[in-house]
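Take a look at the structures below.
You will see subunit A twice below: alongside subunit B first, and alongside subunit C after that.
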Partner chain A sequence: MSVENAIQTPNDQILLKVRNLKKYFPTSNGVVRAVDDVSFDVSKEETLALVGESGSGKTTVANVILGKYVADAGSILYKGYEIGNIPLIKRNLLLRREIQVVFQDPATSLNPKKTVKDIIETAINIHYPNLNKYEKIERLLILMNYVGLTEDYLFKLPGELGGGEKQLVAIARALATNPTCLILDESTSNLDVSAQSRILKTLLRIQKSKNLTYILITHDLAVVKNISHRINVMYLGKLMEIASVEELFSNPLHPYTQMLLASIPTISEEESKTLPKGIESKGEIPSAINPPSGCRFRTRCPFVMNICSEQEPILNEVSHGHYVACHLINNMKK
Partner chain B sequence: MYENLLTVKDLFVKYKSYWYVYHVLDGVSINVKLGEKVGLIGESGAGKTTLLKSILRVLPPQGKITNGEILYRDVNLLNCSKQQLLEIRRRKIGMIFQDPLAALNPVFKIKEQMLDIIKYAHENSGMNKRDLENIALDLLRDTLIPDPERVLNSYPFELSGGMRQRVVIAMALASARELLLADEPTTNIDVTIQAQILKLIMDLVKKKGLSMLLVSHALGMVRNMTDRIYVIYGGNIVEEAPTSKLFKDPLHPYTRLLIDSAPKILSSTLGEGIKGNPVDYRHPPSGCRFHPRCPFCDQEICRRAKPPLIEVDRDRYVSCYLYGGGT
Partner chain C sequence: MSITELDYNLIIQKEKEVRKERFKRAWFRFKKSKLAITGLVILSTLLIMAIFAEYLAPYPEHAGMYVNFKERFQYISTKYLLGTDHLGRDIFTRVIFGFRLAFMMIGIVISIVMPVGTVLGLIAGYYKGKWPEHIVLRLADMFVSIPPLILALSICAILEPNIVNAMIAITLMWWPWYTRMVYSMTSSIRDEPYVWAARALGVKDRDIMFKEILPNILGPILTKATLDAAWVILIGSAISFLGLGAQPPTPDLGTMVSEYMAYFPTYWWMIIGPALGIAILVMAFNLFGDGLREVFAGD
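Then we have the complex of A and B:
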């Protein structure tokens, strides 16, 4: 089955098409295969979660989409235009406006010496230089209103804000350009649960009113369950499983996905019952310089077979919209 | 019945900076009984780490303990002799620090750092260096590190995050013969490795018969590892309850909101979160420190006087006027 046929999203409104994406980083010890042949789609107005341990290549995928890195091979089609080979510096304002990002740690992504007004206004100035002073201020206030910050915050410095409020400023700054696609790179993992839930609610509300597409990068599966529609599970630069949220949580097929789910610390008995049992987390993610042959997960997999070290499993559709790359599942199907 | 191993009574700690005084801990009392696993949960900036550091007397120089008592068995750590304090730090209490990379010195090999601790933990036992090295290897083996010899001869940056955390746990166990203090042992670690580390800590605590005080903001993790929980908000203990009861039926408004805001796997509705910001310790709110953020605060008394910690049920204490305690 060709990849083109294999990875079809449930609906055909596709915003971003990633095909056979590869990104290698040469180091003195060898080549780090951060992203190795990854293909997936992001449809309009959906939240796609990229899930995996650190070192699985989630952030590299996002950085290639953002243009921080240029793809070594493969293509990224955004609304039908190839953007994978355009570095950020060569991207025009129109394209930059479309895809924006919110980073993990708001304390380091906001300039500590600039006020909230300056921070958001910089983005407005760059992208809408033709607006006059009053229109800019109006825009600024609308943005702050969107994320739920009052005018009192205009002249505050990031240091005077709580972690959640800082992240709201970062979101307002990202929205300043009227983006279509927002990449949330671990945007809530540094926050306390009380602030996190406020951010997640704000994100959901904005998505509905502005019809945004989110690419959510995280390792917190409980967050994923609450705000995303589809999940891509990545491991060591490869996609292991693609499924909708309901499907993945009720019927996880790949052993790695099951391991991830079994590792979630739950807050009630009922929750622990719904998670898969019996797959205990063991080992650590191997180096991406010399990844294991065949299936990359085989060194930690409890169901490893002979074929796993010889042949790389391909991403197969097992049911509608549910793709798994595992020999075990493929054999069972036969 | 249980014997009290660690008792903290009415502890006040403040930090001084050039301009301000930060009134952080405001009359905190907790106890850890022998063989018990106790959790302490709260948001960042609630004073959790300050409490742990006060127990070991390793507060930074600007931190001052102004009032209170910290009893380890029957030794008061606040006015015992230096020798007694060192004895307790070296042989009784071990602490797992929050950030394994910061807890390890980057310019020394793991071996040197571990031997440094083991040397004092086995002072006057007449062991030579070879014996101490064997103890280090045993400790590393306890933490299920593959190839402990190699780890012993590596620098911290040569190890992965999970391995570093295991080394830090091994170092804590070198001096923990009775009590283990764990300060957010799995922040910045992937969920799969987190599950491994937590299981490891549980197994080791059980195997060595330790008591444990676990500090964290991750609710699920504390639930799976402890018998009893203290909830701390803004330097006050607001609720104390057995773990199972706390998660089933939280009493204090703060605990309720906190558990409600944790993202759940079963339902896909998000909690409201808690409005407002954590306590500004320069000018802490009068009365109940949670009242500016509390949705149930309608009594004048909340603003006037600090609610006492009262027993509302067997083993359940809560500090809130909703459950009485007012006049």
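Then we have the complex of A and C:
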């Protein structure tokens, strides 16, 4: 199966199509419905953010795309090819090359016993086995230069690097395969603010020059605002709202989105004015083992109605590219 | 940017220097512990003595079949540093040859048990939940469920009692402990993000096991090997003491203790040599192992 052939499919602009994706985890207390019937598209060269609290299933979605887990139901089409049912170990090199990942915790995402050179070289050796030793070193240095690491870092062990530098090495390793799609799984949330901005700038620069597609998983809306194009808001394994960044920040419709936006900490009066007036956050995310009936957000929603517990809201397009799953919004539209 | 041969050589040169520097730092950490150095010094002295036993021992011919009743039961003197035994053989000579046998036994047992146990443990831990795990672990459980000394003794009893079979017995009883230790470490590391990153890159399972996971658990494995060396001597001595290991006149420390026990306490000094030999060897290995643990803990 060649991934390259799939580029000529009619839906040219869509890289990844997720349809009715379900992933359940059986536990001793019951089945955790981590991802429950989620559908969305990822266009080429865009940054799609998956946003939600812990336990909303955003990392599980990314892990299914990566192949860490196999989808229980639904499909994931990558360039027209079904990949949701292929576990990572069964994927061929060509497919693994296409989708790479940068993990959350820089401390554990690099092998503590390998130097920076060894770490990046592993990736080059696998995906470019035909290069000679000079070309390999050259490619290694280009990659390091690309993410902004100098030659001095070549022989450092991860333990000798700062959090931001470790994450840069992880990015260089992911780029070594020349990927099309990069999954950023909370890649900046464990870093301090200065390192965070360095990583974000690097990511933006790389995206422009390499035409990469990012799937950004985060709970940090400030990061989302800076680098993503579209946002998927997830809650308890369901999609609540899909919108472009501008639309979502200027006109958030779902009460959960409003709650998330209201929870961005602000310092000055002016800054708080730039953010939409939200609603106070209350309560904790319920268990995914036994989610609330109907709308899953109803237990925390200030606008809860009778219909919310009876019927599950479906994603409706309210304006171009802006989807919301909420009875309140649907009623208002009618 | 283009890499010339000169640039390349400079990079390789630098890599070597950095490696040397890392080794120096590890040595420094080891050196800090006085006890570890003591262990190392004793071990290397004993090893040199064992290797050059023929030249260092005062009466090399006393190691094997040799009888001289005129000189039996001699007390400690300058002529016989640790006295002579019931057949008139120099005990000091026999202890030195005993060290040679002990080192050989440790070398052979550890060099079989450590790689075999490690590889099986890696496989079982990496394929957790699949059939290799079940096979390896159940097999290990079978061996672990029998007390080690009893297992070794029964194997020796089935086979002919000699030094080779004693080593086979120790090897058979030892590997499950390595396997279980490596298994538990591997199964916790296999889900680390860096292992997932390697999988996402397409690193082969074999390379993930040996290049990603193994370097991270090598420290505890080597430490266990040195500490185990002491146990090999003790178990080997116990088997010999019970008459199922090396047979006289083989100069085995355990066999010697068992032989000379018969003349205790009338000729009490006979037992001092071999008993002290075992004690010093075990202690030296333990001190050295503790030092190694320090080195790896600092990494």
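The rule is short, and it goes like this: the second predicted complex is superposed on the first by the 319 of 334 C-alpha atoms of A that agree within 3 Å, B and C clash if a C-alpha of one lies under 4 Å from a C-alpha of the other, contacts with A are read in each partner's own complex, and residues count from 1 in each chain.
To be clear about the criterion, a contact is a pair of C-beta atoms (placed from the backbone, for glycine too) under 8 Å apart; a residue touches a chain by one contact, two chains touch by 3 or more.
Owing to the predicted nature of the structure, the values given are computational and were not obtained by experimental measurement.
When both complexes are superposed on subunit A, subunit B and subunit C end up sitting side by side without clashing. One geometric descriptor of the composite model is the angle centred on subunit A: between the Cα centres of subunit B and subunit C it reads 70 degrees, in steps of 10.
Looking at the shared chain after the overlay, A:Lys117 reaches subunit C, while subunit B stays out of its contact range.
Residue contacts after overlaying the shared chain place A:Gln311 against neither subunit B nor subunit C. Of the two partner chains placed by superposition, only subunit B is touched by A:Ile264; subunit C is not.
In the superposition on chain A, A:Asn20 contacts neither subunit B nor subunit C.
Once the two complexes are overlaid on the shared chain, A:Thr108 sits against subunit C while remaining clear of subunit B. By the touch criterion stated above, A:Ser197 is placed in contact with subunit B alone, subunit C being left untouched. Between subunit B and subunit C the least C-alpha distance in the superposed model amounts to 9 Å.
The residues of subunit A shared by its contacts with subunit B and with subunit C come to none at all. Residues 66-68, 88-89, 93, 96-97, 99-101, 103-105, 108-115, 117, 122-123, 126-127, 133-135, 137-138, 141-142, 145, 154-155, 170, 173-174, 176-177 of subunit A are the ones touching subunit C in the complex. By the touch criterion stated above, subunit B contacts subunit A in their complex at residues 43-44, 160-163, 190-196, 198-199, 217-221, 223-224, 247-248, 257-259, 261-266, 268-275, 277-278.
By the touch criterion given at the top, residues 53-54, 161-165, 192-198, 200-201, 204, 219-223, 225-227, 249, 259-260, 262-268, 270-271, 274-275, 280-282, 284-285 of subunit A touch subunit B in their complex.
Interface residues of subunit C, counted against subunit A in their complex, comprise 1-5, 7-8, 11, 14-15, 18, 192-194, 196-203, 205, 211-212, 215-216, 299.
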